[in-house]
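In this document, chain identifiers A, B, C and D correspond to the written order of the chains, with residue numbering beginning at 1 in each.
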Amino acid sequence: MTDDFEPKIIVLVCNWCTYTAADLAGTSRLAYPANIRIIRLMCTGMIDSKYILKAFLDGADGVFIGGCHPGDCHYINGNLKAKKRISGIRKIVEQFGFDPKRLRLRWIGASEGPEFQQNMTEFVESIKALGPTSVKDRMIL
Amino acid sequence: MKYKKPKIGVYICHCGMNIASKVDVESVVEFAGKLDHVAVAREYKFMCSSPGQQMIDNDIKKLGLNRVVVASCSPRMHELTFKKACEKAGINPHYFQMANIREQSSWVTRDPEEATAKAKDLVAAAVARVAFHRPLQSREVAVKKSILVIGGGIAGMQSALSAAESGYRVYLVEREPSIGGHMAKFDKTFPTLDCAACIMTPKMVAVDQHENIELLTYSEVVSIEGFIGNFKAKILKKPRYVNEDKCTGCGVCMEKCPARKIPSEFNERLTTRTAIYSPFPQAVPRTPVIDPEQCRVLAKNKRCGVCRKFCEAGAIDLEQKPRYLDIEVGAVIVATGFKAFDPTPLTNYGYGRFPEVYTSLEFERLNNATGPTSGKILMKNGQAPKKVAIIHCVGSRDVRYRKYCSRVCCMYSMKFAHLLREKTDAEVWEFYIDIRSPGKLYEEFYNRVQEEGVHLVRGRVAEVTDIPDNQEDFGRLTVIAENTLTRQAKRLLVDMVILSVGLEPAEGSKDVARLVGISTDGDGWMTELHAKLAPVATPVGGIFLAGCCQGPKDIPDTVAQAMAAAGEATSLLSKGTVSTKTEISYIDPDLCAGCQTCLQVCAYSAIQFDAGRCVSVVNDALCQGCGSCSVACPSGAAGVKHFTDKQVMEEMEAILIQECIYDR
Amino acid sequence: MKYGFFPGCSYNSAAGYRQSVDAINRLMEIDLIEIPDWNCCGATAFFSLDEFKALALTARLFALAQASGFREIVTVCNACYTTLRKANQILSSNPETVSRINKELSKEGLLMEGNFTVRHYLEVLYNDVPAEKWSKNLTEKFKNYKVACYYGCQLTRPWGDLDHMEQPTILDRFIERLGFLPVDHSARTICCGASHTVSYADECGLLVSRIIREVHAKGGHMITTLCPLCQFNLDSWQKNLTHPIPVPFFTQLAGLALGLNPTELGLNKLLVPINKVLSREL
Amino acid sequence: MTMYAILETNNNPSAAVRTILQKMLSEKIVDSVLVLSKTPYSSLPMPTLITDTEKMEQAEPLAPAAPFNAARQAASVLRYPTGGKKAVVLRPCEIRALIELAKLKQCVLDEAIIIGIDCLGRIENNIYLELAAQKEDISSAFYNDSALQNRITGICKACEHFRPEGADLTVCLLGTPVMEKIGLLAGTRAGENIIKSLGLSAVEQPVKRENAINELLKKRIEARDALFSETTEKIKDIEKFQKMIANCLNCYNCRTACPVCYCKECVFLTDVFVHEPEVLQRRAAKKGAVKLPADTTMFHMTRLAHMSHACVGCGQCSSVCPSSIPVADIFKTVSAKVQELYDYVPGRDISESIPYLVFEKESSDG
């Protein structure tokens, strides 16, 4: 892994908690690495396995998923459904050589701007440590 | 593309210097210009301003744009603004997409180059996505012309009255036997010192007698479902064991009830009540309730029935069962209020061990004409205190308990000081961290109290002990603190200590929040939609907040917010209709294999199975658009409009394929 | 039950402390194995003078305990208790200090490594000895004896994990189990002046007087302590009072409760005689 | 429920089973039987819905062939209740798939009499046809000749589910000299009643059966674990995996052949994966070249995401692959991991709900 490796990270967040937390991090000017790209969804329960697979196959080095804390889900339990599915996807991508650490699920509440910043920073660090995936220099398949 | 070929206009906002100071807007514009389907890319100082919106309007009309992307702040801030602008210019509002390059780039990225590159990615993503947007039409559905208010304190009462005045039906639900809440316990109110009862009791009566208000005391909301304008609520009426229609409120039952010695909640356990009781003389409704834990018949099934014997109206009904009431409302106002901080954990203040250490609420009762001492400020031994210490910020501004300022303690503490000076000849010492008196006539009141000879010591009290320095002072309390202004340690001998406890969210308010689907912040207060621009609304349409459930407030602020909530709710109702959500699920009958997995994951039972066609069907009135069904459906028959696989995956692909940074 | 035991300097001299502890151990089958060749723990003061030396002093104790196969050390003195705990906390988080110390210790063939558990004898009696074992052979006669439990500064502070820092009750619960009547009072954890009684007799007098007066005010017949120094300060200060309050060790109360006679518990060594209270019919 | 009866086979086990099936029809125990049967045009047996005892003569209930996984055909017969009973003669992997399909509301099992066969594996269709050219009764030959038995598909060799689970009746080929006698084992009350009404007398289950089963199980599990470790190695890097599937034509045969891929139309045929020219241009521009059709890796991994929890390892996907990609090896290996994670065994129990439908109420971070 080279020092100038700048990972590209897809962050899938729910509109109600983690996206709001990201906005809060913004309004509070809490800086974090520029490697992350946020995609806004209404709920983590909306995250299709295809999204995660596509992210990795199109060259993302990590996928971070942020949702509401259990019990706070705007849609009652979408976050818990998501957790169950994502564990399965993690298992699958792991079989194909993607370190399970590259797919992280965290609960970040609407008021947790600092937590968002911290999570982004930590995740980027951990992905840098892992280095690029071997998809990186391939054309999409 | 099944639809008209996209013609996209991209607009990059400087947001004054907020974006432009970090992001090289020009290069983003240049980049955007090269993207597929982009017909025009422009920049402007403030896109949200009317010239900014005009720019979009012109381009749509002149260049015939059919898609618009604005790269500026968070969609939570201005998405609606721009959607409206698009609609005004004649294209479907869903042909709009926003790239958040302020909160997500300029404000959180140190290196301008990286910030610019990130902005480009976000713009590319928005452009790629918007190309696949579809026009969505919403349906207008009628709004139920009634309002549910949860909580019968001053906030709930005021909301109910204001709403009822504008002619709408209001259901006011209060879990206690009487409305009134905390304010009913107060004697005077700061800073004007007008008597709480004098302004409270008429309001309570007004609520009770208003033809548009259905008062549901001793009741709780058990479930709320539906959506803005059309909520269905189930309300539990706990059995009073007294027939409200028959009861005359004469009170004989309470005199005769043999089960006495039950600490009175209303009097902060300073007095006792009977098993059949009405919390306080001015309670509304007057109808008492029987405490099932204490009643000899109900709790211990002994033979008693004294109340039944003495009730001439024959109103006692020990057979009464819980009743459930189903109501339909267009809006809900949450006004669940607060609870006072319990100082027991701060053992160094000796609350619970020393009889003469009181919480502020206890003192309110002690000082109240309807209280245990009928308004005379007396110690447990019947004497008037000679020296009283008031300790501020108990539980508040304390990292171990509540880090926030409870806003009202300074003022009510000084009110106490004033009342003590007025009613007794006691010397009053206040120990504070800072005096916070921001409010009309508040600072003046602070000055007045100082002039009345109240001693104010800046310093947090270390300990309250009953060990005096001199033998002869046993039985009195010693307050140990440092006067941080004179830098002197102080050991003050007093007769009475008042702990100015802070405010916490009311018992069970988290449950209510979940009931209506809104979130609470770290301290448990309910979160409003926007701290400044929408302090009364919540992220859930049709749910509004009033009073302390949203954060500590004094009475004036509470009443103001209560009226605001009523205003918001009534304006929603008077509009008459709401448009259904457009961003909801659909199920393509041609693809649906009828496996009904979606039915099982839907948290809103918004999907039915059409056995005839053997496919699942979405009920667009119930669907909230969470997408659980779309994920559960392998064939992609189910999907969420405006969050289709195509749209999300194109957005993602643009980021990963068109990537600008890190390929350098 | 077998424990490594650190008696501390004042254990033998303290009025009947050793006798009573031995007696309890006998009856309750507790085996306190004295750490061989133990040294002073340095007490509270030494740390303020030279932390490294202070740590070395305690580290040696741990090393000795380790050598005789103990990772758990029981003390009978609050000062020893806190000092050892504090030292253990610092050492376990400063490996380099430990290695420096170990270099010194190695000269006498000692080595100290890892974490140690420091416990007060009271914990052993209250937590390890099953309640039934006490209740079996108790005498009823003390149920009206009002005892004020004095904990001193150092049992619960600074950790507050053994019991509440300001209002501990573990000793009250213990003597209640023994059949005495604990009195509620506010002097549980206020300072007795500790070793300063020597240098600042008058000031410490004030401190002690507050404790004694408080117990008087709350109607206590005796004050029980679990620290030799506290016991001495409270006991010795009362000589010219008209109504002094005897200050037995909690172990001596335990002995009485188990029916042992005062002299075999060394109660005769108290400065404020206890027999007056004991002979009184309550 | 372990009622066990003996069927004399005198050198023709298939005939013995046919007789039973015929009896079930004539006795009106069932209205129809779905069973493998020769067609007038080919000796490769196809799932056939039979009501006429005469036609039953063509049936090949024990043929070591499975032109495709017949669960889908069984499901279409059982789509919804029509009154009466229907017997379906299936291999274990077909039964397990059928149960999964029932969970997915693709059929209702109330009217089904599931008759399972001890499965010694299936032979690929082309090989089967070769053999058919030489031998009259392949079934008998197969059960006699271990060399023949060795020609079953690799995935069958690694299959630990050779005993029918959840069948009403099991035709037991293990533990008895097949040419003399085979067993009929009831797995449910319904099965017992049938044995009774067929006038068969219940006897002790031969001890030999248990031994035979354990012996085979041991062999199969060894083979399976070998397959797993080999495949894991092959795919443990996405690049390696992509090499493996380099010849994939995106013909989607594998998903068509898959019994648990129940979608009317695969999402990969919908516009989600039908790309606009601009998108393809963009992709090409990224690295200067893009292979078409796109999304090949995506397809296989998505299919895993959709059905790996339900994969019964029947191996049909491999059999139908024109590029001879060992799809089944990959799917069986990955699925094992997923099924282990969810502690889920497809077809184990109809009342066991699909993993994604049960989720904890409170939860910590993922």
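Going forward, contacts are C-beta pairs under 8 Å (C-beta built on N, C-alpha and C of every residue); 3 or more make two chains touch, one makes a residue touch a chain.
Just so it is clear, the model here is predicted, and its values are computed rather than measured.
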Selected pair, greater C-beta contact count between B-D and B-C: B-D
Chain centre separation in whole Å, for subunit D relative to subunit C (CA means): 76
Mean-CA-position distance for subunit C and subunit B (Å): 52
Separation of subunit A from subunit C, taking each centre as the mean of its C-alpha atoms, in whole Å: 56
Shared interface positions of subunit A, touching two or more other chains: 49-50, 54, 71, 77, 81, 85, 140
Contacts with two or more other chains, residues of subunit D listed in rising order: 267, 272, 283, 286, 306, 356
Residue numbers of subunit B (touch at least two other chains): 601, 645, 649, 653, 657
Touch relationships between chains, expressed as pairs: A-B, A-D, B-C, B-D
Complex contact set, residues of subunit A against subunit D: 49-50, 53-54, 56-57, 65, 70-71, 77, 79-81, 83-89, 91-98, 104-107, 133-135, 138-141
Contact set on subunit D toward subunit A in their complex: 232, 235-242, 267, 272, 283, 286-287, 289-291, 294-298, 301-302, 304-306, 308-309, 333-334, 337-338, 341-342, 355-356, 358-363, 365-366
Residues of subunit B touching subunit A in the complex: 74-76, 100, 102-105, 107-111, 114-115, 117-118, 121-122, 125, 514, 517, 519-522, 527, 539-540, 583, 601, 603-604, 624-628, 630-631, 640, 643, 645, 648-649, 651-653, 655-657, 659, 661-662
List of subunit D residues in touch with subunit B within their complex: 104-106, 262-267, 270-272, 276, 278-279, 282-283, 286, 306-307, 354, 356-357
Sites on subunit A touched by subunit B in the complex: 6-8, 10, 16-17, 19-20, 22-23, 25-27, 29-32, 34-35, 37-43, 45-51, 54-55, 58-60, 68, 71-72, 74-78, 81-82, 85, 109-112, 117, 140
